[in-house]
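Note that chain A is present in both complexes that follow, paired respectively with chain B and with chain C.
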Partner chain A sequence: MTDMSGKVAIVPCSGIGKTFGTVSRVAAYQVTEDDRPKKTRLVSLAMLVMGDPESKSTLAESPAITIDGCAMACATKMVGQCGGRIAREFAVLDVFRRYHDFKPQGIADLNESGEKLADALAKEIDIEIDNLTSHEEGGHHA
Partner chain B sequence: MPELPRKKVGIIACSGEELPEGTVSRLAALRVLEQLRPGKTVTICLPLFLAGGEGDRAFARTHPTIALDGCGKRCAFRGTEIYSHRPAAGFVVTDLVAQHGLEQPQGCRKLDTAGMRAVELVANQVAEKVDELSGGDWGRRASMQEAPEGGTEAPTCACGSRK
Partner chain C sequence: MTDFLETTIDKFTFRVDPACLYSGDDIWVRLEGGRAKLGMSDILQQRSGDIAFVDVKPAGTVLAFNEEFASIETVKVNVALISPVSGEVVGVNPALKLTPEVINQDPFGEGWLCEVALSDWDANRLLLLDAAAYLEKMKHDVSEAGKS
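And now, the complex of A and B:
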(Lines of atoms letter the chains of each structure in order from A and count residues from 1; the text may use other names and numbers.)
(Lines give C-alpha, C1' and ligand atoms only; values in the text may rest on other atoms or scores of the structure.)
Protein backbone atom coordinates (compact mmCIF):
# COMPACT_ATOMS: atom_id res chain seq x y z
CA MET A 1 0.00 0.00 0.00
CA THR A 2 1.35 3.44 -0.87
CA ASP A 3 0.65 6.71 0.89
CA MET A 4 -2.11 9.17 0.03
CA SER A 5 -0.10 10.73 -2.74
CA GLY A 6 0.78 7.28 -4.04
CA LYS A 7 4.52 7.67 -3.67
CA VAL A 8 7.19 5.17 -2.78
CA ALA A 9 10.16 6.32 -0.70
CA ILE A 10 13.53 5.67 -2.33
CA VAL A 11 16.38 5.59 0.18
CA PRO A 12 19.87 5.18 -1.30
CA CYS A 13 23.18 4.63 0.44
CA SER A 14 24.86 7.93 1.24
CA GLY A 15 28.40 6.63 1.05
CA ILE A 16 30.92 8.91 -0.59
CA GLY A 17 34.02 6.75 -0.43
CA LYS A 18 33.14 3.87 -2.73
CA THR A 19 31.98 3.26 -6.27
CA PHE A 20 28.99 1.16 -5.25
CA GLY A 21 27.68 4.05 -3.16
CA THR A 22 27.75 6.24 -6.24
CA VAL A 23 25.96 3.56 -8.26
CA SER A 24 23.20 3.47 -5.66
CA ARG A 25 22.81 7.24 -5.75
CA VAL A 26 22.82 7.48 -9.56
CA ALA A 27 20.18 4.76 -9.76
CA ALA A 28 18.06 6.57 -7.18
CA TYR A 29 18.27 9.82 -9.17
CA GLN A 30 17.30 8.01 -12.36
CA VAL A 31 14.24 6.47 -10.73
CA THR A 32 13.06 9.59 -8.93
CA GLU A 33 13.86 12.16 -11.63
CA ASP A 34 13.57 10.31 -14.94
CA ASP A 35 11.77 6.98 -14.72
CA ARG A 36 9.10 7.29 -12.01
CA PRO A 37 9.08 10.91 -10.76
CA LYS A 38 5.36 10.90 -10.00
CA LYS A 39 5.44 7.68 -8.05
CA THR A 40 8.54 8.18 -5.92
CA ARG A 41 10.21 10.45 -3.44
CA LEU A 42 13.91 10.55 -2.63
CA VAL A 43 14.67 10.38 1.10
CA SER A 44 18.11 11.35 2.37
CA LEU A 45 19.76 9.07 4.91
CA ALA A 46 21.37 12.02 6.68
CA MET A 47 17.91 13.38 7.45
CA LEU A 48 16.86 10.04 8.88
CA VAL A 49 19.95 9.91 11.06
CA MET A 50 18.89 13.23 12.56
CA GLY A 51 15.28 12.14 12.97
CA ASP A 52 13.92 14.74 10.56
CA PRO A 53 10.13 14.78 11.15
CA GLU A 54 9.21 15.16 7.47
CA SER A 55 11.39 12.25 6.41
CA LYS A 56 10.05 10.07 9.20
CA SER A 57 6.52 11.03 8.25
CA THR A 58 7.21 10.02 4.66
CA LEU A 59 8.40 6.62 5.85
CA ALA A 60 5.39 6.23 8.11
CA GLU A 61 3.03 6.76 5.18
CA SER A 62 4.90 5.14 2.33
CA PRO A 63 6.54 1.84 1.55
CA ALA A 64 10.28 2.20 1.13
CA ILE A 65 12.77 0.77 -1.30
CA THR A 66 16.31 0.81 0.05
CA ILE A 67 19.50 0.70 -2.02
CA ASP A 68 22.63 -0.33 -0.14
CA GLY A 69 26.13 0.24 -1.44
CA CYS A 70 27.98 -2.07 0.91
CA ALA A 71 27.51 -4.87 3.40
CA MET A 72 26.92 -2.42 6.25
CA ALA A 73 23.45 -1.90 4.72
CA CYS A 74 23.01 1.52 6.31
CA ALA A 75 19.95 2.41 4.23
CA THR A 76 18.04 -0.73 5.16
CA LYS A 77 19.07 -0.54 8.82
CA MET A 78 18.18 3.13 9.14
CA VAL A 79 14.75 2.75 7.56
CA GLY A 80 14.10 -0.17 9.87
CA GLN A 81 15.23 1.81 12.92
CA CYS A 82 12.93 4.66 11.93
CA GLY A 83 9.96 2.31 11.81
CA GLY A 84 9.66 2.37 8.04
CA ARG A 85 8.13 -0.46 6.06
CA ILE A 86 10.66 -1.83 3.60
CA ALA A 87 8.97 -3.14 0.50
CA ARG A 88 12.21 -4.25 -1.11
CA GLU A 89 15.91 -4.02 -0.34
CA PHE A 90 18.40 -3.74 -3.17
CA ALA A 91 22.14 -4.26 -2.77
CA VAL A 92 24.39 -2.96 -5.53
CA LEU A 93 26.66 -5.97 -5.12
CA ASP A 94 23.79 -8.34 -5.86
CA VAL A 95 22.90 -6.42 -9.00
CA PHE A 96 26.56 -6.41 -10.04
CA ARG A 97 26.57 -10.21 -9.76
CA ARG A 98 23.75 -10.31 -12.29
CA TYR A 99 25.53 -7.90 -14.65
CA HIS A 100 29.15 -8.99 -14.51
CA ASP A 101 30.05 -7.15 -17.70
CA PHE A 102 29.33 -3.81 -16.07
CA LYS A 103 32.38 -3.19 -13.92
CA PRO A 104 31.90 0.18 -12.25
CA GLN A 105 34.78 2.54 -11.58
CA GLY A 106 34.97 6.08 -10.28
CA ILE A 107 33.25 7.81 -7.41
CA ALA A 108 32.73 11.46 -8.34
CA ASP A 109 31.96 10.35 -11.91
CA LEU A 110 31.12 6.79 -12.86
CA ASN A 111 32.66 5.21 -15.91
CA GLU A 112 30.39 3.97 -18.71
CA SER A 113 30.05 0.54 -17.14
CA GLY A 114 29.10 2.12 -13.85
CA GLU A 115 26.40 4.15 -15.58
CA LYS A 116 25.10 0.97 -17.22
CA LEU A 117 25.05 -0.85 -13.88
CA ALA A 118 23.14 2.05 -12.32
CA ASP A 119 20.69 1.94 -15.23
CA ALA A 120 20.18 -1.80 -14.77
CA LEU A 121 19.58 -1.30 -11.06
CA ALA A 122 17.16 1.55 -11.74
CA LYS A 123 15.15 -0.60 -14.14
CA GLU A 124 14.83 -3.34 -11.50
CA ILE A 125 13.62 -0.72 -9.04
CA ASP A 126 11.15 0.62 -11.63
CA ILE A 127 9.58 -2.82 -11.89
CA GLU A 128 9.24 -3.04 -8.12
CA ILE A 129 7.60 0.39 -8.01
CA ASP A 130 5.14 -0.60 -10.71
CA ASN A 131 4.27 -3.75 -8.77
CA LEU A 132 3.77 -1.78 -5.57
CA THR A 133 1.62 0.87 -7.14
CA SER A 134 -0.46 -1.60 -9.15
CA HIS A 135 -1.21 -3.49 -5.92
CA GLU A 136 -2.27 -0.21 -4.41
CA GLU A 137 -4.57 0.56 -7.32
CA GLY A 138 -5.95 -2.97 -7.19
CA GLY A 139 -6.51 -2.69 -3.45
CA HIS A 140 -8.54 0.48 -3.83
CA HIS A 141 -10.56 -1.08 -6.61
CA ALA A 142 -11.46 -4.06 -4.45
CA MET B 1 64.23 8.72 16.67
CA PRO B 2 61.40 6.85 14.89
CA GLU B 3 58.72 8.94 13.23
CA LEU B 4 55.29 8.08 14.58
CA PRO B 5 52.42 7.78 12.09
CA ARG B 6 50.28 10.89 11.88
CA LYS B 7 46.69 10.63 12.88
CA LYS B 8 44.40 11.02 9.89
CA VAL B 9 41.68 13.60 9.79
CA GLY B 10 38.14 12.34 9.30
CA ILE B 11 35.79 14.07 6.88
CA ILE B 12 32.07 13.56 7.38
CA ALA B 13 29.88 14.99 4.63
CA CYS B 14 26.12 15.39 4.82
CA SER B 15 25.84 14.02 1.25
CA GLY B 16 22.20 15.10 1.21
CA GLU B 17 20.79 13.89 -2.08
CA GLU B 18 17.90 16.33 -2.15
CA LEU B 19 19.90 19.56 -2.37
CA PRO B 20 22.56 20.81 -4.79
CA GLU B 21 24.57 21.89 -1.74
CA GLY B 22 24.54 18.26 -0.58
CA THR B 23 26.18 17.30 -3.84
CA VAL B 24 28.68 20.13 -3.34
CA SER B 25 29.53 18.73 0.10
CA ARG B 26 30.01 15.25 -1.29
CA LEU B 27 32.19 16.29 -4.22
CA ALA B 28 34.24 18.67 -2.08
CA ALA B 29 34.90 15.90 0.42
CA LEU B 30 35.94 13.59 -2.40
CA ARG B 31 38.26 16.20 -3.86
CA VAL B 32 40.02 16.54 -0.52
CA LEU B 33 40.22 12.78 -0.05
CA GLU B 34 41.41 11.93 -3.53
CA GLN B 35 43.29 14.98 -4.79
CA LEU B 36 44.11 17.62 -2.22
CA ARG B 37 45.00 15.63 0.89
CA PRO B 38 45.14 11.93 0.02
CA GLY B 39 46.83 9.93 2.75
CA LYS B 40 45.98 12.54 5.35
CA THR B 41 42.23 12.05 5.36
CA VAL B 42 39.58 9.36 5.62
CA THR B 43 35.82 9.50 5.55
CA ILE B 44 33.04 7.79 7.41
CA CYS B 45 29.42 7.62 6.33
CA LEU B 46 27.19 9.52 8.70
CA PRO B 47 24.61 6.67 8.93
CA LEU B 48 27.36 4.32 10.13
CA PHE B 49 27.20 5.99 13.53
CA LEU B 50 23.80 4.33 13.91
CA ALA B 51 24.03 1.38 11.56
CA GLY B 52 27.58 0.40 12.43
CA GLY B 53 29.20 -0.80 15.62
CA GLU B 54 30.90 0.83 18.58
CA GLY B 55 34.06 1.20 16.53
CA ASP B 56 32.24 3.48 14.12
CA ARG B 57 30.69 5.47 16.94
CA ALA B 58 34.11 5.88 18.55
CA PHE B 59 35.58 7.24 15.33
CA ALA B 60 35.37 10.93 16.16
CA ARG B 61 36.62 10.30 19.67
CA THR B 62 39.87 8.97 18.32
CA HIS B 63 40.26 11.10 15.18
CA PRO B 64 39.96 14.83 14.59
CA THR B 65 36.98 15.28 12.28
CA ILE B 66 35.63 17.94 9.98
CA ALA B 67 31.88 18.03 9.36
CA LEU B 68 30.89 19.22 5.90
CA ASP B 69 27.22 20.20 5.70
CA GLY B 70 25.14 21.25 2.73
CA CYS B 71 22.61 23.34 4.62
CA GLY B 72 21.81 24.96 7.94
CA LYS B 73 20.32 21.79 9.35
CA ARG B 74 23.92 20.67 9.82
CA CYS B 75 23.10 16.97 9.96
CA ALA B 76 26.76 15.95 9.66
CA PHE B 77 27.99 18.18 12.47
CA ARG B 78 25.10 17.49 14.81
CA GLY B 79 24.95 13.80 14.00
CA THR B 80 28.65 13.34 14.65
CA GLU B 81 28.42 15.26 17.89
CA ILE B 82 25.41 13.31 19.13
CA TYR B 83 26.49 9.82 18.15
CA SER B 84 30.27 10.05 18.36
CA HIS B 85 32.10 13.21 19.39
CA ARG B 86 32.04 16.89 18.58
CA PRO B 87 33.84 17.55 15.29
CA ALA B 88 37.01 19.58 15.46
CA ALA B 89 35.65 21.88 12.75
CA GLY B 90 32.58 22.41 10.63
CA PHE B 91 31.70 24.01 7.28
CA VAL B 92 28.27 24.78 5.86
CA VAL B 93 28.12 25.08 2.07
CA THR B 94 25.21 27.55 1.97
CA ASP B 95 27.06 29.88 4.34
CA LEU B 96 30.32 29.70 2.40
CA VAL B 97 28.53 30.36 -0.88
CA ALA B 98 26.86 33.44 0.61
CA GLN B 99 30.02 34.70 2.32
CA HIS B 100 32.02 34.52 -0.89
CA GLY B 101 29.29 35.91 -3.12
CA LEU B 102 29.09 32.84 -5.32
CA GLU B 103 26.07 32.02 -7.45
CA GLN B 104 23.62 29.50 -6.06
CA PRO B 105 24.61 25.96 -7.09
CA GLN B 106 22.08 24.14 -9.24
CA GLY B 107 21.60 20.46 -10.03
CA CYS B 108 21.55 17.68 -7.45
CA ARG B 109 22.56 15.04 -9.94
CA LYS B 110 24.98 17.05 -12.02
CA LEU B 111 26.24 20.35 -10.68
CA ASP B 112 26.34 23.42 -12.88
CA THR B 113 29.35 25.73 -13.20
CA ALA B 114 28.41 27.64 -10.06
CA GLY B 115 28.20 24.36 -8.19
CA MET B 116 31.65 23.31 -9.32
CA ARG B 117 33.05 26.68 -8.21
CA ALA B 118 31.51 26.05 -4.82
CA VAL B 119 33.14 22.60 -4.74
CA GLU B 120 36.53 24.19 -5.37
CA LEU B 121 36.04 26.83 -2.70
CA VAL B 122 34.81 24.39 -0.07
CA ALA B 123 37.47 21.78 -0.85
CA ASN B 124 40.27 24.31 -0.52
CA GLN B 125 38.97 25.52 2.81
CA VAL B 126 38.63 21.97 4.08
CA ALA B 127 42.17 21.14 2.92
CA GLU B 128 43.54 24.10 4.86
CA LYS B 129 41.72 22.90 7.94
CA VAL B 130 43.11 19.40 7.46
CA ASP B 131 46.63 20.83 7.51
CA GLU B 132 45.84 22.76 10.64
CA LEU B 133 44.39 19.73 12.42
CA SER B 134 47.04 17.29 11.29
CA GLY B 135 49.74 19.65 12.52
CA GLY B 136 49.50 18.03 15.90
CA ASP B 137 47.52 20.65 17.77
CA TRP B 138 44.28 18.74 17.76
CA GLY B 139 43.00 17.45 21.06
CA ARG B 140 39.67 16.60 22.57
CA ARG B 141 39.71 19.79 24.58
CA ALA B 142 40.41 21.88 21.50
CA SER B 143 37.61 20.17 19.60
CA MET B 144 35.16 21.31 22.26
CA GLN B 145 35.92 24.94 21.53
CA GLU B 146 35.62 25.27 17.78
CA ALA B 147 32.18 25.85 16.34
CA PRO B 148 31.14 25.48 12.70
CA GLU B 149 32.25 28.32 10.48
CA GLY B 150 30.07 28.19 7.42
CA GLY B 151 31.47 24.74 6.81
CA THR B 152 33.29 21.68 8.30
CA GLU B 153 35.68 18.91 7.21
CA ALA B 154 36.55 15.09 7.61
CA PRO B 155 38.35 11.74 6.01
CA THR B 156 38.31 8.25 3.50
CA CYS B 157 35.99 5.33 3.99
CA ALA B 158 36.30 3.76 7.39
CA CYS B 159 33.69 1.05 6.99
CA GLY B 160 36.20 -1.46 5.71
CA SER B 161 34.20 -2.74 2.76
CA ARG B 162 36.07 -3.10 -0.49
CA LYS B 163 33.52 -1.53 -2.82
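And now, the complex of A and C:
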Protein backbone atom coordinates (compact mmCIF):
# COMPACT_ATOMS: atom_id res chain seq x y z
CA MET A 1 0.00 0.00 0.00
CA THR A 2 2.98 2.34 0.39
CA ASP A 3 5.09 3.70 -2.43
CA MET A 4 8.64 2.92 -3.41
CA SER A 5 9.99 4.92 -0.51
CA GLY A 6 7.79 2.93 1.83
CA LYS A 7 6.76 6.03 3.74
CA VAL A 8 3.43 7.35 4.87
CA ALA A 9 2.64 11.07 4.69
CA ILE A 10 1.37 12.55 7.94
CA VAL A 11 -0.72 15.69 7.46
CA PRO A 12 -1.91 17.39 10.66
CA CYS A 13 -4.26 20.31 11.12
CA SER A 14 -2.60 23.69 10.84
CA GLY A 15 -4.95 25.15 13.49
CA ILE A 16 -2.53 27.58 14.97
CA GLY A 17 -4.20 29.13 17.97
CA LYS A 18 -6.54 26.26 18.71
CA THR A 19 -6.03 23.58 21.29
CA PHE A 20 -7.13 20.64 19.18
CA GLY A 21 -4.96 21.85 16.34
CA THR A 22 -2.01 21.83 18.70
CA VAL A 23 -2.89 18.30 19.81
CA SER A 24 -2.87 17.20 16.17
CA ARG A 25 0.53 18.74 15.54
CA VAL A 26 2.12 17.43 18.73
CA ALA A 27 0.89 13.95 17.84
CA ALA A 28 2.25 14.33 14.30
CA TYR A 29 5.65 15.42 15.60
CA GLN A 30 5.76 12.46 17.97
CA VAL A 31 4.94 10.03 15.18
CA THR A 32 7.31 11.46 12.60
CA GLU A 33 10.21 12.39 14.88
CA ASP A 34 10.11 9.83 17.68
CA ASP A 35 7.85 6.86 17.06
CA ARG A 36 8.08 6.07 13.33
CA PRO A 37 10.64 8.43 11.73
CA LYS A 38 11.75 5.91 9.14
CA LYS A 39 8.25 5.13 8.01
CA THR A 40 6.74 8.60 7.78
CA ARG A 41 7.05 12.03 6.23
CA LEU A 42 5.53 15.10 7.84
CA VAL A 43 3.66 17.34 5.41
CA SER A 44 2.81 20.87 6.46
CA LEU A 45 -0.77 21.78 5.64
CA ALA A 46 0.22 25.42 5.26
CA MET A 47 2.83 24.49 2.68
CA LEU A 48 0.30 22.36 0.88
CA VAL A 49 -2.15 25.24 0.76
CA MET A 50 0.62 27.41 -0.71
CA GLY A 51 1.11 24.84 -3.45
CA ASP A 52 4.55 23.72 -2.33
CA PRO A 53 5.83 21.30 -5.02
CA GLU A 54 7.69 19.07 -2.56
CA SER A 55 4.61 18.60 -0.40
CA LYS A 56 2.51 17.78 -3.44
CA SER A 57 5.15 15.37 -4.63
CA THR A 58 5.13 13.59 -1.29
CA LEU A 59 1.38 13.16 -1.51
CA ALA A 60 1.65 11.89 -5.04
CA GLU A 61 4.08 9.22 -3.92
CA SER A 62 2.81 8.22 -0.50
CA PRO A 63 -0.47 7.33 1.14
CA ALA A 64 -1.54 9.95 3.65
CA ILE A 65 -2.83 9.90 7.18
CA THR A 66 -4.66 13.12 7.99
CA ILE A 67 -5.25 14.51 11.47
CA ASP A 68 -8.05 17.04 11.70
CA GLY A 69 -8.44 19.39 14.63
CA CYS A 70 -12.07 20.26 14.04
CA ALA A 71 -15.11 19.42 11.97
CA MET A 72 -13.88 21.64 9.14
CA ALA A 73 -11.49 18.77 8.37
CA CYS A 74 -9.10 21.04 6.48
CA ALA A 75 -6.27 18.52 6.41
CA THR A 76 -8.43 15.81 4.88
CA LYS A 77 -10.06 18.17 2.42
CA MET A 78 -6.78 19.67 1.30
CA VAL A 79 -5.12 16.32 0.76
CA GLY A 80 -8.16 15.26 -1.23
CA GLN A 81 -8.01 18.42 -3.34
CA CYS A 82 -4.36 17.76 -4.08
CA GLY A 83 -5.20 14.31 -5.35
CA GLY A 84 -3.59 12.58 -2.40
CA ARG A 85 -4.46 9.06 -1.38
CA ILE A 86 -5.93 9.14 2.12
CA ALA A 87 -5.26 5.90 3.93
CA ARG A 88 -6.85 6.97 7.19
CA GLU A 89 -8.45 10.08 8.64
CA PHE A 90 -8.09 10.90 12.33
CA ALA A 91 -10.07 13.56 14.16
CA VAL A 92 -8.82 14.84 17.50
CA LEU A 93 -12.40 15.17 18.69
CA ASP A 94 -13.02 11.46 18.15
CA VAL A 95 -9.87 10.58 20.06
CA PHE A 96 -10.90 12.90 22.88
CA ARG A 97 -14.21 11.05 23.08
CA ARG A 98 -12.27 7.85 23.67
CA TYR A 99 -10.07 9.49 26.33
CA HIS A 100 -12.43 11.76 28.20
CA ASP A 101 -10.01 12.16 31.11
CA PHE A 102 -7.47 13.83 28.85
CA LYS A 103 -9.05 17.27 28.55
CA PRO A 104 -6.59 19.36 26.58
CA GLN A 105 -5.95 22.99 27.33
CA GLY A 106 -3.40 25.46 26.11
CA ILE A 107 -2.35 26.56 22.67
CA ALA A 108 1.37 27.24 22.45
CA ASP A 109 1.96 24.63 25.13
CA LEU A 110 -0.46 21.87 26.01
CA ASN A 111 -1.30 21.01 29.58
CA GLU A 112 -0.45 17.55 30.88
CA SER A 113 -3.80 16.13 29.80
CA GLY A 114 -3.30 17.57 26.36
CA GLU A 115 0.09 15.93 26.11
CA LYS A 116 -1.50 12.62 27.13
CA LEU A 117 -4.21 13.03 24.52
CA ALA A 118 -1.58 13.75 21.86
CA ASP A 119 0.34 10.67 22.97
CA ALA A 120 -2.79 8.52 22.76
CA LEU A 121 -3.50 9.86 19.29
CA ALA A 122 0.09 9.25 18.22
CA LYS A 123 -0.10 5.64 19.37
CA GLU A 124 -3.27 5.08 17.34
CA ILE A 125 -1.51 6.56 14.31
CA ASP A 126 1.53 4.36 14.95
CA ILE A 127 -0.67 1.28 14.73
CA GLU A 128 -2.14 2.48 11.46
CA ILE A 129 1.31 3.12 10.04
CA ASP A 130 2.45 -0.34 11.07
CA ASN A 131 -0.57 -1.86 9.37
CA LEU A 132 0.07 0.10 6.19
CA THR A 133 3.76 -0.66 6.05
CA SER A 134 3.38 -4.31 7.03
CA HIS A 135 1.17 -4.79 3.98
CA GLU A 136 3.96 -3.36 1.90
CA GLU A 137 6.59 -5.50 3.55
CA GLY A 138 4.36 -8.55 3.07
CA GLY A 139 4.05 -7.65 -0.60
CA HIS A 140 7.79 -7.67 -1.02
CA HIS A 141 8.10 -11.10 0.53
CA ALA A 142 5.31 -12.61 -1.53
CA MET B 1 -36.98 22.22 3.45
CA THR B 2 -37.06 24.81 6.20
CA ASP B 3 -36.81 28.47 5.26
CA PHE B 4 -34.60 29.66 8.09
CA LEU B 5 -34.33 33.23 9.21
CA GLU B 6 -30.67 34.10 9.34
CA THR B 7 -28.14 36.79 9.91
CA THR B 8 -24.50 36.91 8.90
CA ILE B 9 -21.98 38.55 11.16
CA ASP B 10 -18.37 38.57 10.03
CA LYS B 11 -17.82 35.09 8.59
CA PHE B 12 -20.52 33.46 10.68
CA THR B 13 -24.11 32.86 9.61
CA PHE B 14 -26.59 32.13 12.37
CA ARG B 15 -29.91 30.53 11.56
CA VAL B 16 -33.26 30.62 13.32
CA ASP B 17 -35.95 28.04 12.68
CA PRO B 18 -39.26 29.91 12.30
CA ALA B 19 -41.18 26.88 13.60
CA CYS B 20 -39.61 27.16 17.05
CA LEU B 21 -39.91 29.37 20.08
CA TYR B 22 -36.80 30.42 21.96
CA SER B 23 -35.64 31.06 25.49
CA GLY B 24 -33.27 33.81 26.50
CA ASP B 25 -30.75 31.05 27.19
CA ASP B 26 -30.73 30.05 23.50
CA ILE B 27 -32.78 26.90 23.83
CA TRP B 28 -35.39 26.23 21.19
CA VAL B 29 -38.79 24.71 21.89
CA ARG B 30 -40.95 23.07 19.25
CA LEU B 31 -44.43 21.83 20.03
CA GLU B 32 -45.19 18.41 18.60
CA GLY B 33 -48.47 16.75 19.46
CA GLY B 34 -48.91 18.34 22.84
CA ARG B 35 -45.31 17.71 23.81
CA ALA B 36 -42.26 19.88 23.30
CA LYS B 37 -38.92 19.05 21.82
CA LEU B 38 -35.95 21.02 23.12
CA GLY B 39 -32.64 21.73 21.49
CA MET B 40 -29.74 24.14 21.26
CA SER B 41 -30.09 27.13 18.99
CA ASP B 42 -27.72 27.53 16.10
CA ILE B 43 -25.86 30.42 17.68
CA LEU B 44 -25.41 28.53 20.94
CA GLN B 45 -23.95 25.47 19.22
CA GLN B 46 -21.68 27.57 17.03
CA ARG B 47 -20.41 29.60 19.96
CA SER B 48 -19.87 26.51 22.06
CA GLY B 49 -17.79 24.70 19.45
CA ASP B 50 -17.53 21.07 18.45
CA ILE B 51 -19.47 19.00 20.94
CA ALA B 52 -17.56 16.09 22.41
CA PHE B 53 -20.00 14.91 25.06
CA VAL B 54 -23.64 15.55 25.88
CA ASP B 55 -25.55 14.48 28.93
CA VAL B 56 -29.33 14.82 28.95
CA LYS B 57 -31.54 14.07 31.94
CA PRO B 58 -33.13 10.67 31.34
CA ALA B 59 -36.74 9.89 30.57
CA GLY B 60 -38.84 10.05 33.71
CA THR B 61 -37.05 13.12 35.05
CA VAL B 62 -39.46 15.82 36.17
CA LEU B 63 -38.12 19.20 35.15
CA ALA B 64 -38.93 22.47 36.81
CA PHE B 65 -38.88 25.67 34.79
CA ASN B 66 -35.33 27.08 34.64
CA GLU B 67 -33.77 23.82 35.82
CA GLU B 68 -30.74 22.31 34.13
CA PHE B 69 -31.90 19.58 31.77
CA ALA B 70 -28.68 18.81 29.95
CA SER B 71 -25.02 19.66 29.77
CA ILE B 72 -22.54 19.64 26.98
CA GLU B 73 -18.79 19.52 26.84
CA THR B 74 -17.10 20.99 23.83
CA VAL B 75 -13.59 21.68 22.75
CA LYS B 76 -13.87 25.08 24.39
CA VAL B 77 -16.40 25.03 27.20
CA ASN B 78 -18.75 23.09 29.42
CA VAL B 79 -22.27 24.45 29.20
CA ALA B 80 -25.29 23.78 31.39
CA LEU B 81 -28.52 23.90 29.41
CA ILE B 82 -31.52 25.38 31.17
CA SER B 83 -35.03 24.16 30.53
CA PRO B 84 -37.47 26.88 29.48
CA VAL B 85 -40.39 24.56 30.21
CA SER B 86 -41.61 22.43 33.07
CA GLY B 87 -42.75 18.85 32.66
CA GLU B 88 -41.51 15.31 32.44
CA VAL B 89 -38.79 14.16 30.10
CA VAL B 90 -40.39 11.46 28.00
CA GLY B 91 -37.67 10.92 25.45
CA VAL B 92 -34.02 11.63 24.80
CA ASN B 93 -32.48 11.74 21.35
CA PRO B 94 -30.78 8.34 21.03
CA ALA B 95 -28.34 9.65 18.40
CA LEU B 96 -26.56 11.80 20.96
CA LYS B 97 -24.88 8.89 22.68
CA LEU B 98 -22.71 7.89 19.74
CA THR B 99 -22.87 10.97 17.54
CA PRO B 100 -23.21 14.15 19.62
CA GLU B 101 -21.88 16.04 16.62
CA VAL B 102 -25.40 15.94 15.16
CA ILE B 103 -26.08 18.94 17.39
CA ASN B 104 -23.46 20.91 15.47
CA GLN B 105 -24.51 19.51 12.12
CA ASP B 106 -28.27 19.91 12.45
CA PRO B 107 -29.21 21.76 15.64
CA PHE B 108 -32.88 22.19 14.74
CA GLY B 109 -33.40 18.73 13.32
CA GLU B 110 -31.41 15.58 14.02
CA GLY B 111 -29.67 17.35 16.88
CA TRP B 112 -32.71 17.71 19.12
CA LEU B 113 -32.01 16.93 22.76
CA CYS B 114 -35.14 15.71 24.51
CA GLU B 115 -38.89 15.60 24.46
CA VAL B 116 -40.95 16.88 27.36
CA ALA B 117 -44.56 16.26 28.37
CA LEU B 118 -45.51 19.79 29.37
CA SER B 119 -47.05 20.57 32.73
CA ASP B 120 -47.44 24.35 32.60
CA TRP B 121 -47.20 25.37 28.99
CA ASP B 122 -49.44 28.43 29.24
CA ALA B 123 -47.10 30.00 31.77
CA ASN B 124 -43.92 28.83 30.06
CA ARG B 125 -45.08 30.15 26.69
CA LEU B 126 -45.32 33.71 27.97
CA LEU B 127 -41.56 33.84 28.50
CA LEU B 128 -40.55 32.49 25.11
CA LEU B 129 -39.66 34.52 22.02
CA ASP B 130 -40.95 33.83 18.56
CA ALA B 131 -38.42 33.41 15.77
CA ALA B 132 -38.46 37.02 14.60
CA ALA B 133 -37.97 38.36 18.11
CA TYR B 134 -35.23 35.85 18.79
CA LEU B 135 -33.44 36.85 15.61
CA GLU B 136 -33.36 40.44 16.82
CA LYS B 137 -32.17 39.38 20.26
CA MET B 138 -29.42 37.32 18.65
CA LYS B 139 -28.27 40.26 16.55
CA HIS B 140 -28.24 42.44 19.63
CA ASP B 141 -26.28 39.90 21.66
CA VAL B 142 -23.67 39.51 18.94
CA SER B 143 -23.39 43.26 18.56
CA GLU B 144 -22.89 43.71 22.30
CA ALA B 145 -20.34 40.90 22.41
CA GLY B 146 -18.42 42.63 19.64
CA LYS B 147 -18.11 45.77 21.74
CA SER B 148 -16.59 44.03 24.71
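Just so we're on the same page, the second predicted complex is superposed on the first by the 142 of 142 C-alpha atoms of A that agree within 3 Å, B and C clash if a C-alpha of one lies under 4 Å from a C-alpha of the other, contacts with A are read in each partner's own complex, and residues count from 1 in each chain.
The definition used in the following text is that a residue touches a chain if its C-beta (ideal position, glycine included) is under 8 Å from a C-beta of that chain, and two chains touch if they have at least 3 such contacts.
In this text the structure is predicted, and so the values were computed from the model without any measurement.
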Identify the partner contact of A:Ala120: answer first if only chain B is touched, second if only chain C is, both if each is, neither if none is.
neither
Pick one for A:Ile86: touches chain B only (first), chain C only (second), both, or neither.
neither
Chain B versus chain C as contact partner of A:Thr19, first or second or both or neither:
both
Could you tell me if A:His100 is touching chain B, chain C, both of them or neither one (first, second, both, neither)?
second
More residues of chain A in touch with chain C or with chain B?
B
Contact-wise, after the overlay, does A:Tyr29 reach chain B, chain C, both or neither (first, second, both, neither)?
first
Looking at A:Leu45, would you say it contacts chain B, chain C, both, or neither? Reply first, second, both or neither.
first
Across the two complexes, find the residues of chain A that touch chain B and also touch chain C.
18-20, 70-71, 93
Complex contact set, residues of chain B against chain A
13-18, 22, 26-27, 29-31, 33-34, 43, 45-52, 73, 75-76, 78-79, 83, 108-109, 156-157, 159, 161, 163
Touching chain A in the complex, chain C uses residues 49-50, 52-53, 75, 101, 104-105
Given the complex, residues on chain A that touch chain C span 18-20, 70-71, 93, 96-97, 100
In the complex, chain A touches chain B at residues 12-21, 25-26, 28-29, 33, 42, 44-50, 52, 69-75, 77-78, 81, 92-93, 107-108
